[in-house]
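The letters A, B, C, D, E, F, G, H, I, J, K and L name the chains in turn, as written, and every chain counts its residues from 1.
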Amino acid sequence: MNILIINGPNLNLLGSRETNVYGDKNFETYLKELKIEHTEINFAYFQSNIEGELINCIQQESKKVDGIIINAGGYTHTSVAIGDAIGAVETPCVEVHISNVYARESYRHESRIAHRCVGVMSGFGLDVYRLAANYLVRHA
Amino acid sequence: MNILIINGPNLNLLGSRETNVYGDKNFETYLKELKIEHTEINFAYFQSNIEGELINCIQQESKKVDGIIINAGGYTHTSVAIGDAIGAVETPCVEVHISNVYARESYRHESRIAHRCVGVMSGFGLDVYRLAANYLVRHA
Amino acid sequence: MNILIINGPNLNLLGSRETNVYGDKNFETYLKELKIEHTEINFAYFQSNIEGELINCIQQESKKVDGIIINAGGYTHTSVAIGDAIGAVETPCVEVHISNVYARESYRHESRIAHRCVGVMSGFGLDVYRLAANYLVRHA
Amino acid sequence: MNILIINGPNLNLLGSRETNVYGDKNFETYLKELKIEHTEINFAYFQSNIEGELINCIQQESKKVDGIIINAGGYTHTSVAIGDAIGAVETPCVEVHISNVYARESYRHESRIAHRCVGVMSGFGLDVYRLAANYLVRHA
Amino acid sequence: MNILIINGPNLNLLGSRETNVYGDKNFETYLKELKIEHTEINFAYFQSNIEGELINCIQQESKKVDGIIINAGGYTHTSVAIGDAIGAVETPCVEVHISNVYARESYRHESRIAHRCVGVMSGFGLDVYRLAANYLVRHA
Amino acid sequence: MNILIINGPNLNLLGSRETNVYGDKNFETYLKELKIEHTEINFAYFQSNIEGELINCIQQESKKVDGIIINAGGYTHTSVAIGDAIGAVETPCVEVHISNVYARESYRHESRIAHRCVGVMSGFGLDVYRLAANYLVRHA
Amino acid sequence: MNILIINGPNLNLLGSRETNVYGDKNFETYLKELKIEHTEINFAYFQSNIEGELINCIQQESKKVDGIIINAGGYTHTSVAIGDAIGAVETPCVEVHISNVYARESYRHESRIAHRCVGVMSGFGLDVYRLAANYLVRHA
Amino acid sequence: MNILIINGPNLNLLGSRETNVYGDKNFETYLKELKIEHTEINFAYFQSNIEGELINCIQQESKKVDGIIINAGGYTHTSVAIGDAIGAVETPCVEVHISNVYARESYRHESRIAHRCVGVMSGFGLDVYRLAANYLVRHA
Amino acid sequence: MNILIINGPNLNLLGSRETNVYGDKNFETYLKELKIEHTEINFAYFQSNIEGELINCIQQESKKVDGIIINAGGYTHTSVAIGDAIGAVETPCVEVHISNVYARESYRHESRIAHRCVGVMSGFGLDVYRLAANYLVRHA
Amino acid sequence: MNILIINGPNLNLLGSRETNVYGDKNFETYLKELKIEHTEINFAYFQSNIEGELINCIQQESKKVDGIIINAGGYTHTSVAIGDAIGAVETPCVEVHISNVYARESYRHESRIAHRCVGVMSGFGLDVYRLAANYLVRHA
Amino acid sequence: MNILIINGPNLNLLGSRETNVYGDKNFETYLKELKIEHTEINFAYFQSNIEGELINCIQQESKKVDGIIINAGGYTHTSVAIGDAIGAVETPCVEVHISNVYARESYRHESRIAHRCVGVMSGFGLDVYRLAANYLVRHA
Amino acid sequence: MNILIINGPNLNLLGSRETNVYGDKNFETYLKELKIEHTEINFAYFQSNIEGELINCIQQESKKVDGIIINAGGYTHTSVAIGDAIGAVETPCVEVHISNVYARESYRHESRIAHRCVGVMSGFGLDVYRLAANYLVRHA
């Protein structure tokens, strides 16, 4: 089972950025723990602050994996192009957010990629990645 | 670990209603399977088509359980009162939807209860209840 | 030929409520006259002020009848859940209004159930129920 | 009993235009059947694709008839002027639509003439003309 | 001094239509009086219920006159095309309304032709035509 | 002097729910104090979380009392049907809110029942019920 | 107990202005009666049609009184500056309206000062000033 | 015949302000010419940049004159209070604008006082005052 | 190869109307040149200022040609009825505009017929007709 | 070098009003310090809570100075008339705000005067006046 | 004649992505055919999924070519920055879309770059590139 | 004192791009002059047309400097992600614009990064960078 996690802009700062919202664990540490817990899954990981590189990644890696977990960060709310990329590939994609975006600023309530995904998970802290992987594994 | 599942209007028709959207398994069958898989969880279940009875249930049962999973159906998009009820109790609540509401009519994109919940899971079929329970168990 | 008439909130006050808008005949009297005129139709009748009971009625009675005539009153403009209930059953449903809602306050111009019905009749006084029944009988 | 039926733009194509939406019977055939069924009614009929000719017809013919049935087609959603014409004459007018406009594109949900009519019937196929005539006859 | 008065849809009904709003004098009578009072002006007059004929008139007659007074009736609020016609000719044009449109329904507050005219006069009853002519004469 | 107080959804939790917003006194205690202070008033009290039961109460009890004080809670912002019920009875009705709704979320700023009431009082804590009663007594 | 009543534009015309809406008693007469009824309160009164003078009054008089009752008239709906003035002083302020603004034109439904006040009372005729004073006295 | 002209903010700068829009004649010069031309009218004139002083003037002077011509300048688009003042007095009032506001910025298209006036004249340069006076004289 | 060009309101003024926007060549001259260049195409041409005549033309001529090029002028932005006519016939239709409508007033950005056409070409001057014909020829 | 600083409503309360937002220094103290630091500039200062007096000041003083710094306070967001006054004079004007209005309530994000100014500075505390003066001096 | 074709995000997937919308030919194949057909044109080609690289390309290559054909894909609807880049260079630019965007989701109807281009072509399949080139060649 | 200047898309074209809006000096020349004038400041400079590289720069360089001056160009109005990056770092950031964005197209009036900055300066030409630096130096 191969799963690709794609993190968008500013998620490389997890653990140091607005820790009251996002917590104080960085993503690499979290991912290490996740891999230990789920040795049956082969996780690939990509992070970029550049919208088009996220699109490149979706296009180039989607065929190599059974599922994609994407946290597009701020691009979630503005990027028609990432939504188009997800719609252009056949690999099932789960949109995730660490914080509950519906309890934050109104401009975070709209997602331009959600309708192209299998589903959306918003809130649940870093555990949202494990939950999305759990879904993908069961429905592979 | 006690978890209360609350289903709102028309979810009693699961398995016969718009099966292309919601699948052909009824909720009772699903819940039986879920209990078998997760014997460590004590599931309570309540369904009603009446908005105020959902509020009654939240108020009366919340103290008896460690977490609530709520699929408020059509009331999700219109009920300030259910949102207020969730905000009035301390038990963590997860909003779930069987279908991906963001891939459906635009009036299903807005939730009036999401900002009072821990998080939202939309899509994933009936498996969304298991995923929400999974989260609640881990974070109890 | 079995037809179910469902009246929503405040329609139990017909004949005494805002008689300049709704006329001074109560619904029971009207229904008696209608039955006398149309002995070929077996009319069932349900009224409730409770949104969820209207949903219950749609769910439980729809299979027993050949057509439903629904005047959802104030819930017409706010209830996604009643619209979902109509969409969930196969019995053809006609939405009716005694007054011409398009000649009244703008918030009465939008219906959240119309798109799930066979058609809509608005205006025509109490006679709108007969007209809807007339349609259902001919297209049974 | 004299009733005038006014059909607006593109309704002259009934029977050949988008038959999945409007059916495959042309209006002349339908009207012939309707006249046979309702010999007690004297039907006049006018169709034009020109907005102002519909207004001319309303102005010139309204005094000669006991009721008007108008399907203003695409002008329903844009014509303040036709609405004004209906408001300027005293003959009761019923707005009709063959398809259920509320189940179609959102720009078909607004009518600029409905508030000047006795009532609106939307959906019910070609039978909507008979139902409107039925109302007018009873309330003449 | 040549002035062309153009009246749009339903203004041929002046004197009989909604007399509480528009008064009980028909336009022909009014125009006769106006001509008697202002023998120094040569009035031409055109009325049509057809939007395109109003455009034809503007195009064909504008060069023959020193000014145009236009009451486009219901087309005022919807017709980009009439606004374009006024913008396409060089003759100064005054938009007039018999009733004060700003004290009526909100959809009468917007004019799609006003920005192409020299100015707008709304209200003042039938006298609005004399006032517009008065302006055109002085600024010829 | 008979006054009916109607409390809507979640107001049964007063004293325990979001005490920073609503205070820590429950409504029963408050009502007891109010009755002691105003022995000249005969208070009836009804609370329900069910929208339709609030309507039932308005319909059935309005004739027995000289005035109604209604705090419709979350239904204030969504219920056309409760507004219709108030408009359908003749007993004067005062809309009240414990917190100042205009200083809270924007969705609490709109009331769908206010235009059917004698007036609105928003803010003033639990004392708002006494103030509304004071008004009703003086204007009985 | 010192209470300042501030009346905004056109409230000096009370008793002669639109008496069907505002009644036929002028404010000075009403205030005299109010003082006789409530000798325990020392009422100060200020009226101006000038927005900035209302602000001056709030700034200069607020420290001398225990509470302010403000009816900002037409400025209620447009004045950020008066709202800022209320927010800038510590004296509790009650917004009042003689008529029920929610039953009038939609532009009267929005208040730009309500969120800076303790609460709002709308409707209740001139008695609204007594009710606001009653609240301020009890909570001084 | 007594007519009061009220000019609002920045109209004291006529002749020097944005002369491409408003022309290069100041209002005093214009008024002198107007008085010479219309000796049968007794013109009173008031200008202020202060919104409330315009209201004061309407209230205090309206009974002394047969008609009011008001150019409220920038307050036209924002002042509910001036609209209320016009509605509170019985003297007929004509709203005028020197430039055609509908051919300028969109925020100049809305008037908050027009619905309280007899009518509106927009455009026509300074001559708009003479035209408004002409109307008032004829309809005194 | 038969192609029908349909021009809407005011396009008969090409060459004299707003020449800075539309150029100074009239359409007849242009069409003559186009025919000389493309002798393989049989061009039919229709122009009218009347909305309904454009619809008549679409209905009556569509079967005789292999493609339609339509410049609906001002009706582009307002006519549901023309859009319906295009949708009702099977001949492929290309919407064209001489000027780039997206660089002009915002009300010219919306087309009510574009979604019923094969495609849209906006800008390119009169050459847009040749380009549309070029497309139709290649894809006949 | 002469610079006029104009402060609008409630800015006379600086130092005592909402000190968490605006700081605890009053403007007179600040201005004294500013004059000491910039002896090459001759500062004039005007404050008023009255919108029209701000306009009077702009009109009367603008010719005497080389630049204007205006903090229109709450009128920033509502006053077309102040914007018009700035547009009517030739002296360059800088709009300033002590707090960053874009980080506050959404109704503070719109300025009705900004487009008539040379530029806008928002945020930076009281230092914003010095920065604006700095700009004006360099570009005199 | 030098023409630069710029393709934005996901257009590198042409031929494999949503073939029902975009067809099954990849762009390289198409371009080869186009070059064979139009040997008089020297085509340069650039594709990137990165918004800023599209801007880089416009800036760096525009001076080397006689015209640009840009299909900005999903960035069409969101990118002010690409629109600015087109506006910043002098080379004429044609916006193209393979599918008819006006017949798709509403968020594809708005273009943030169209007003900076010579014109827009939407629909026409891959042939849209040839048509745009055809225009550029003729108007070079 | 270390200050980082970040320029977004198309600002590398300063001096050649739309010189009527932005002037004819390129940024490198300006920066050289600024460094000569302010030798006490150590300026770092970064420009990119790629949104994500602006984010990279903010993340990587913010800790090395005492303040950031950012002109995000067209991304100002669309980029949630850049706003998030500014919010994620602790270095004070000033948003600047060379032209007064409030006097330009309406889509330039909204900034998605302003609320995360210390303040905003819009207008003032290239001098805006010096003014922002001036602020940062004083408040370091």
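The rule is simple: contacts are C-beta pairs under 8 Å (C-beta built on N, C-alpha and C of every residue); 3 or more make two chains touch, one makes a residue touch a chain.
These figures come from a predicted structure and were not determined experimentally.
The minimum number of touch steps separating chain E from chain G is 2.
Between chain C and chain D, the least number of touching-chain steps is 1. Rounded to a multiple of 5, the C-alpha superposition of chain H onto chain L involves a rotation of 120 degrees. One of J-L, D-E or D-I repeats the interface of C-D: more than half of the contact pairs, counted by residue number, are shared by J-L.
Chain E and chain L have Cα centroids lying 54 Å from one another.
Centroids built from CA atoms put chain L at 47 Å from chain B.
Rounded to whole angstrom units, the spacing between the C-alpha centres of chain B and chain F is 31. Residues of chain I in contact with two or more other chains: 50-53, 78. Inter-chain contacts, as defined above, occur between A-B, A-K, A-L, B-C, B-F, C-D, C-F, D-E, D-I, E-H, E-I, F-G, G-H, G-J, H-J, I-K, J-L, K-L. Only residues 8-10, 12-13, 16-18, 48-53, 73-75, 77-78, 107-108 of chain I touch chain E when the two sit together in their complex.
On the chain F side of its complex with chain G, the touching residues are 100, 102-103, 109-111, 114-124, 127-128, 131, 134-135, 138-139.
Across the interface of their complex, chain L is touched by residues 50-53, 55-56, 59, 78-85, 87-88, 112 of chain K.
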